[in-house]
Amino acid sequence: MLDYAIILGFALVILGVTLAAIRLVRGPTLADRIVALDAMTVQLVSFGGLAALQAANAGFLDVAVVLALVGFLATVCLARYLERRILLAAEDLT
Amino acid sequence: MELLLSLTIGVLVATSTYLMLDRNVLRFLFGLVLLSNAVNLVIFAAGRLTAGAPPLIDAGEYAPTGVVANALPQALVLTAIVIGFGLLAFTLALVYRTFMTLGTVNSDEMRIAEPRDGRDEDTGRLGLGRANPDKPATGQEAGI
Amino acid sequence: MQSLILTTTTRLLAALLLMFSVYSLLRGHNLPGGGFIGGLIGATAFILYTIATSVDEARTALRIDPSNLAMLGLGVAGLSGLAAGFFGQPFFTGQWLFLFQDGDSYLPISSVLFFDIGVYMAVFGGILTLVFAMEQEI
Amino acid sequence: MADDYPKVDRVMGGPAGWISVAFPAILFLYFLGWLPQIAQGPQVHGFDWVPSLGVRLSVLLDGLSLTFALLITGIGTAVTLYSARYLGQHPDYPRFVSYLLMFMVGMLGLVLADNLIALFVFWEVTTIASYLLIGFNADSAKSRRSALQALLVTGTGGLILLAGIIVIGNVAGTFELSQITQQGDLIRAHPWYLAILLLFLAGGFTKSAQVPFHFWLPNAMAAPTPVSAYLHSATMVKAGVFLMARMNPALGGTDAWFWILTLFGGVTAVFASVMALRQTDIKQVLAYTTLMALGTLTMFLGAGTHYAIMAAMLFLVVHSLYKAALFLMIGIVDHATGTREAGVLGGLSKAMPLTGLAAAMAAISMAGIPPMVGFIGKEFMYKAGLGLGGFGAFWVTVMAFAASVMMFAVGGIVALKPFRGDLRPTPTEAHEGPWPMLAGPLVLGALSLIFGLVPGVLGYYLVGPATHAVFGEVRPVHLYLWGGFNMALVLSILTFVAGWLLYRRHEAVRAGLMRFESRNPVDFDAGWDRLLEGFKAMAAWQTRIIQNGDLPRYMAVTFATFVVLVGGTFILRGAFATGVGMTTDGVHPIQWTVLALIIAGAVLTVMTHSRMTAVAGMGAAGIGVALLFIMFSAPDVAITQLLVEVLVVVLVSLAMLRLPYLPRRTKGGFRTGHAVIAGGMGLITTLLMTSMLAGAFDPRLTQFFEAASYPEAFGRNIVNVILVDFRTVDTFGEIVVVAIAAIGALALLRGGSPRSRTDAEKEG
Amino acid sequence: MNLFAINMVLAFAWVALTGGMTLGGLLTGFLVGLAAMWVVRPLFPETGRYFLRLYYWARLIVMFVYELVISSLPVVRDVMTPGQASNPALISVPLTVTSDLQITLLANFISLTPGTLSLDVSKDRSTLYIHAMFADDPDAIRAQITNRFEVWVREATE
Amino acid sequence: MITELVVSFFVISGGIFCFAAGLGLLRLPDLLTRMHASTKAGTLGSGLILVAVAINFAEGTVIARAVAAILFLLLTAPVAAHLIGRAAFRTGVPMADRTECEPGVAEALRERPGEKAPE
Amino acid sequence: MSWLLVYPILIPLFTAVLAYLFRNSPAGRWISVVGTLALLLASVMLMSEVLDQGVVAGQMSNWDAPFGITLAADLLGAVMVVITAITGLATVIYTLAEIPERLEKLGFHALLQTLLMGVCGSFLTGDLFNLYVWFEVMLISSFGLLVLGGTREQLDGGIKYVLLNLVSTIMFLAGIGLLYGMTGTLNMADLHLAVRQVENQGLLTTVAVMFMVAFGVKAALFPLFFWLPASYHTPPVAVSAIFAGLLTKVGVYALIRMFTLIFDQDVGFTHTLLLWLAVVTMVTGVLGAAAMNDFRRILSFHIISQIGYMVLGLALYTPLGLVGAVFYLVHHIIVKANLFFVAGVAKRIAGSTDLSRIGGLYAHAPVLAFLFLIPAFSLAGFPPLSGFWAKYVVVKAALDLEMWFVAGVSLAVGLLTIFSMTKIWGAAFWPSHPDGIKPRLSDIPTGERMALMLPIVALAALTCIIGLFPEPFVQFAERSAQQLLDPTEYVTTVLGVQP
């Protein structure tokens, strides 16, 4: 039963990632894309967890842990980019 | 799966090559990232694919109990990823510095070392030190 | 980047990341992780710190110039390989010392670990060098 | 030129001068001592130099080489003595002397070498020395041009000669001349004979300035006078003749040899004589007469009979004696009067009697008037020519006759006219030359006379052994001044008559020649310029096409090369294969999705015109790759991939703050050519991958790692054990890359910041 | 906090005694140590507060998980069902908590609770700006934050 | 058996939340509402699956890592949302028309307290 | 295992670390000098061991080949390491006078040392993937050195250099992946045996060509050389010199190694392809040199042309051809680096490397003029200098195979080389300076002059020694060629068993 649950889980997660990827492509603003990327990293944490369950090997859990930690960093940097770019653009205009 | 993976790698290579042929050096960088991924996959696949069995030895065992994935290409890919990252980081810095100094990221405007008429010539377009002020960034553009 | 929420979270998060990075380094021989992954995670701790505060504060917190740290890491890695020479073995041959050995449990100290520490330092220092430079010059 | 330089206070050139004179003088005496022995037969001495390549420093001492050695050292002594006075106070005199000595060593090595490679080595040494000597007056563009011209023309010949040497070495199995000359029949019968012949002659003809390679020699007169006297009349240009003579036993005696040498030689001789008449600068006149002599020598070497070769060897000596004397003489005149124009000079015998004497002796010898040795030389040439059969006899005799007539006239022009009559005004007041400069011409002139009176000595010690060496078999050589009344004497008398008439009317002839030349489309010297310009233009054109500074073009060519070469090989070598996993059976939907994610990310990166979208696309593709790593059991790789993705985003988001936006859609649309290349790259990669995966895989290494990881390396994570133990060196290099990339980037960024730029300015 | 430290020392001592250097061992040691400290609490004058604080933290976490699950449902429902039921608004919430930690905890609490999202804290740290998805009644949202969330946070951190 | 049931439950419900996050991201009208979906549903979904992992392995180190991952997610998700939301607001990302705005909130959010672009 | 194999990698590493840590004090540069001296010493010791014992191999980390990483030195590898050390030492000494303190503080010496480390590693490794790693070490160091200082020319040239080299690197890596997928091994000696077991030999040839393209970029073969003339004239002269001397040769070395040890199964195809690439390379390179009007740009194009000769020697695939290739490699490194050194001094005293803007060096700097002539004439192939023997052997190898056209082209290219060398001489040395400057060596302060001239004199002396006493070098090249053509000794030593 667990095997089927895991496959179902995989399917759901991958669907979620796909939908987020569509948002990533569609945008329309950079902020939307950042949100999509952030969501994808969070969903990938699940992917790592599921892989650990499927392989019955906790090694994949580490993927999840690392991702939970550093995916955040990418988001922070992109958000910061978003703000600072405006600041610089405003300076360029003046 | 091998066929599909080969096709995917092919697509990655084709797209990255197209990007690397662009005159805009930033696009080259994007292509470089994709191409590195493609090559990493080549090495990874070369060791053949095994699903769901990471090359770890369980506690209490002296060797993997069943079939596990080929560890060697994984180690090679890991090394290649890291090296690729180092090269990419440097190249990014180079592109950045080049833009700040030459005022362009278009390689066809980089004609300092090999001047068009065989002489060192400063066209005046170069050396602005920062982005072209004729085309200022707008808030809307910043969103993209 | 001025944000109360970010800064406050970072205090905790950076510490956690550093701890986790050392953890990754130490158990990399047996589970996923190792010097490189550890070094990367350690670097993210300081990157976060830099973003939440400033490069100067991050530098102060680090105390050592990251590029020096990277080069020292190379030195440590090289020395760990040299160790084998004292035992008449080829370069980089693993030298193992099993402390507190008691049946199957022991605390291993090895040249391999020192090599991994060198890797950790080089990666940690290298990446911080890059980020600090980018952050400061841009 | 000799006067307009800041003088350095040196007596006779200082130590450099004395060394330069002593060196050839001592060698001359040394070689003189060898004469009796060599008259008995040749000797070979030597030691190994590069035995692995069959190169020895072996010396072949025979009549030919000894004759040349004596000319080189003997005339060398005269020339160096002359130079010590002539250029001794020149600031660059020590350099001049070193070039001259370098030349002398090269020339001696060339003529003495028994090993063809060694001969070539010295051959090129003379080329270099000649280049440096012609360009001695480096400030003059003309000197530089002439030097380069000489270098390239003789250099070309030299390189062709090298090919000839290698081929003849392959045919004969040795580079030793003493052995090669024994294998003449074998070589002449070999299918490569003609090739070898042409390759050798290309070397000989360029060095000896045969038409059409002659144009460099008159230009080479830009060199200081002693150089002209030494290199370009007495020695270096004769290296080509020497080579032909040397190779005669191996290559001579065939129809090809006969016709090529006599035709080129004859044409050169007559052409040069005509050109000599046309000149007004006496040094130029002499230059062309040198050319004539070289042509004559070549012609008679080609004729190949014992008599012809004897005539050639005799003329070789004769010419060297009078020509060196004449060159040195004109140097004295130039030095004393400040001009070398035949039209300006006159009546110098009053102010410069000794110079006049030397000139007279040399010129009479050149004109071929008895009792000078020049007469004997001419007689033997006629005899040799007449002794040939058929058309050859006609051609050689007529050419020799025509050349001799004009030489007679030229002898008058260079030695009679300037000294006869009333003293004419010259840029500086004419005065007698100093003794070191006079000694050479006088001694050489005297030798022309002495050898004319006692030709037997010359025949026994020099011409005989030399002829023997060149002809290949021993036949008696007997030289005499008076050979009785015969056809040759008739020709001699005719020569004097015609020559005298020509001398009387040479002004008119010259004017006619100059008119003719102004309409002459064949100007070798100008042709040289056109050749060089054309070559440079071609080089520039090619380089503009290839190295045009356009990076996308470089990239396109690089990728296209990959596509063509690798793709071509793939097809030509039939590398396609198919096997495991080449269907979509059993591919899990999750895998489809992950692959689709990668492709979508890649396509997004290409399609978008927003750079951050491109970054997002790259990120998506990267995440997809990480998912693949997770699916196919590589947690460490997946972690690393994700960490690196994040770091790339961190760095890119920093850099993008200042970097410009991508261009809008209007600019740079779809690039078809690039798309074709890109498609080719993708296709090839896919084909290579499928073909590679179709084959069997050898898991030896991995099996070892799995077995040894825990028991021997004490690690349960096999990937990490590989990284830090099995393949430590890789990881070691990898961290060096990371650290150095960081330091490099730091230097790049910090070096450009305004703050450190100010530091740099402060430093100066 | 030094009581927490003592508790940790006890936990490690437990591990050393039992020889089970695992997380489970440590956790057991911590609980055993806690029990031991409770038994001997007269020796520690401040233990009362320490136990209370532990309780408040536990309550905060439990309440948080509860809120997280409960309020996820409307969001999920809105997403999964056709049409848009949401009624978004930007709302300002006056803050009564003052320390960095408290503000951050509160903001994160709000963000993680579905339906509301902290956008920023005002410069003078007196107001929290949030985006609410179902803001039919902004005052109700404000009241919930002030009366429940802020209390839990304050109690756990003071 | 019970464990397997519990694990399966957590796995599937986690999957549903992850899927919901993706769907919300795609369907919801504007950035800020989309962020509600991604931050909450995504975090919750991943958290549930990590709980499933912890239960399934039931080993100290695995539980510790799963707990750590959950903790990291809970710590970082709201901060990320805060940063993106604020940045989006400041860069003028459009909001759904229905969004009501209390007076002064928009101005306060746009204000950039004392931060200057580095030069 | 002989530790001598490791020292050429370790010494530059520790030197780099120390030099970097002391980059802000003068000690840094002296550490660099001492370290390079030590490298020279170690490399000479390695060489003598190889001469004594034949191929020397060591298994790093004590894991048997083909499982661990092998370092191995045959004669070719050992001599390349020695030459690397010599060039490195010359460069380091030269930099004492040429590199401004500002660049030293940015880590110049560390980059230089890691460059040497990467180069030595490339020459010594017996593992294909490890070769990739050392290539990258070399490459990233060269990137840093090339753009250090960041002038506009450097950045422009640097972009082209970096991007094109990155492409080649990735091709190389892909080739490794494919080869590993076909053979399951990475050890080069093991690959020598394993390629014979591969069923799909056509694919193997295809992969071989892939390596040819990848290394073709590194070696600057036609039509893959663009990065070289675009960049080599831009960095500080000392950097140009070591690049010109060493870097392309690593590519040639890799070609030689791969196409003797591993890809010798389809010689008729691969080596013929190489042959024609080499011929075109010789011609285009020398034409490029003829078209240039800048000291360093002429020299840069010459590198390409000369690479053609070396690859030609390999492509002929006869003992003599390989003798030529090996001899050419060694000779060219010395000569080319020296010419760049001379260019640097010329620039220093005459003010430029643009030939139309300098002059007077013959009259006022006779010593420099003399020291230019030696490497210049050697490069042009004039006897009795080292270049003559190199050219002679290659041409003879071609003629031995009755390849008239190829030999003819080689000779013609030799002539054009003379042409462009004399172009420099006839423009920068002979005529007086257009601005009336009197460029004198004595204008340089004594200490700096020593630092600049010492390497030039030493390398010129080396050129003369090789030219005048070529026998030991030719014999060496012959032994080396034997080892290359028949890798049994290499394979046996590395794998420890008779194959």
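By written order: A, B, C, D, E, F and G. Residues from 1 in each chain.
Going forward, contacts are C-beta pairs under 8 Å (C-beta built on N, C-alpha and C of every residue); 3 or more make two chains touch, one makes a residue touch a chain.
Fair warning: this is a prediction, and the values are worked out from it, not measured in the lab.
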Task: Common touching chains of chain G and chain A - done: B, C, D
Open item on the list: Comparing chain centres built from Cα atoms against the global Cα centre, which chain wins on proximity?
Closed with: G
TODO: Decide which interface, C-G or C-E, involves more C-beta pairs in contact, and give its chain pair.
DONE: C-G
Open item on the list: Measuring between Cα centroids, which chain is at the maximum distance from chain C?
Closed with: D
TODO: Taking each chain's centre as the mean of its C-alpha atoms, give the chain farthest from chain E.
DONE: D
Task: Separation of chain D from chain G, taking each centre as the mean of its C-alpha atoms, in whole Å - done: 26
Task: chain D and chain E, separation of their C-alpha mean positions in angstrom - done: 89
TODO: Let me have the rounded angstrom distance from the C-alpha centre of chain E over to the C-alpha centre of chain G, please.
DONE: 65
Task: Averaged-CA centre spacing for the pair chain F and chain B, given as whole angstrom - done: 30
Open item on the list: Multi-chain contacts only, two chains or more: what residues does chain B have there?
Closed with: 20, 25, 28, 42, 45-48, 52-54, 56, 76, 78-79, 82-83, 86-87, 89-90, 93-97, 101, 107, 110-111, 113-114, 131, 137, 139, 141-144
Open item on the list: Where in chain F do residues touch two or more of the other chains?
Closed with: 16, 20, 23, 35, 43, 61, 68, 72, 75-79, 82-83, 86, 91, 93, 113, 115
- [ ] Any chance you could list the residues of chain D touching two or more other chains?
- [x] 547, 549, 551, 555, 559, 610, 612-613, 617, 631, 633, 635-636, 639-640, 643-644, 646-647, 650-651, 654-655, 657-658, 685, 689, 692-693, 697, 699, 701, 705, 716-717, 719, 723, 725-731, 734, 736-738, 740-746, 748-752
Open item on the list: Show me the residue ranges of chain E that touch chain F in the complex, using the header's touch definition.
Closed with: 22-25, 68-69, 71-72, 75-76, 78-80, 84, 86-92, 107-115, 117-120, 122-123, 127, 129, 131, 133, 135, 138
Open item on the list: Please output the residues of chain A touching chain C within their complex, sorted ascending.
Closed with: 58-59, 62-63, 65-66, 69-70, 72-73, 76-77, 80, 83
Open item on the list: For a test of understanding, state which residues of chain C touch chain A in their complex under the given definition.
Closed with: 1, 6, 13, 16-17, 20, 24, 31-33, 37, 40-41, 44, 47-48, 51
Task: Sites on chain C touched by chain G in the complex - done: 67-68, 71-72, 74-75, 78, 81-82, 84-85, 89-94
Open item on the list: Show me the residue ranges of chain C that touch chain F in the complex, using the header's touch definition.
Closed with: 1-3, 5-6, 9, 12-13, 16, 20, 138
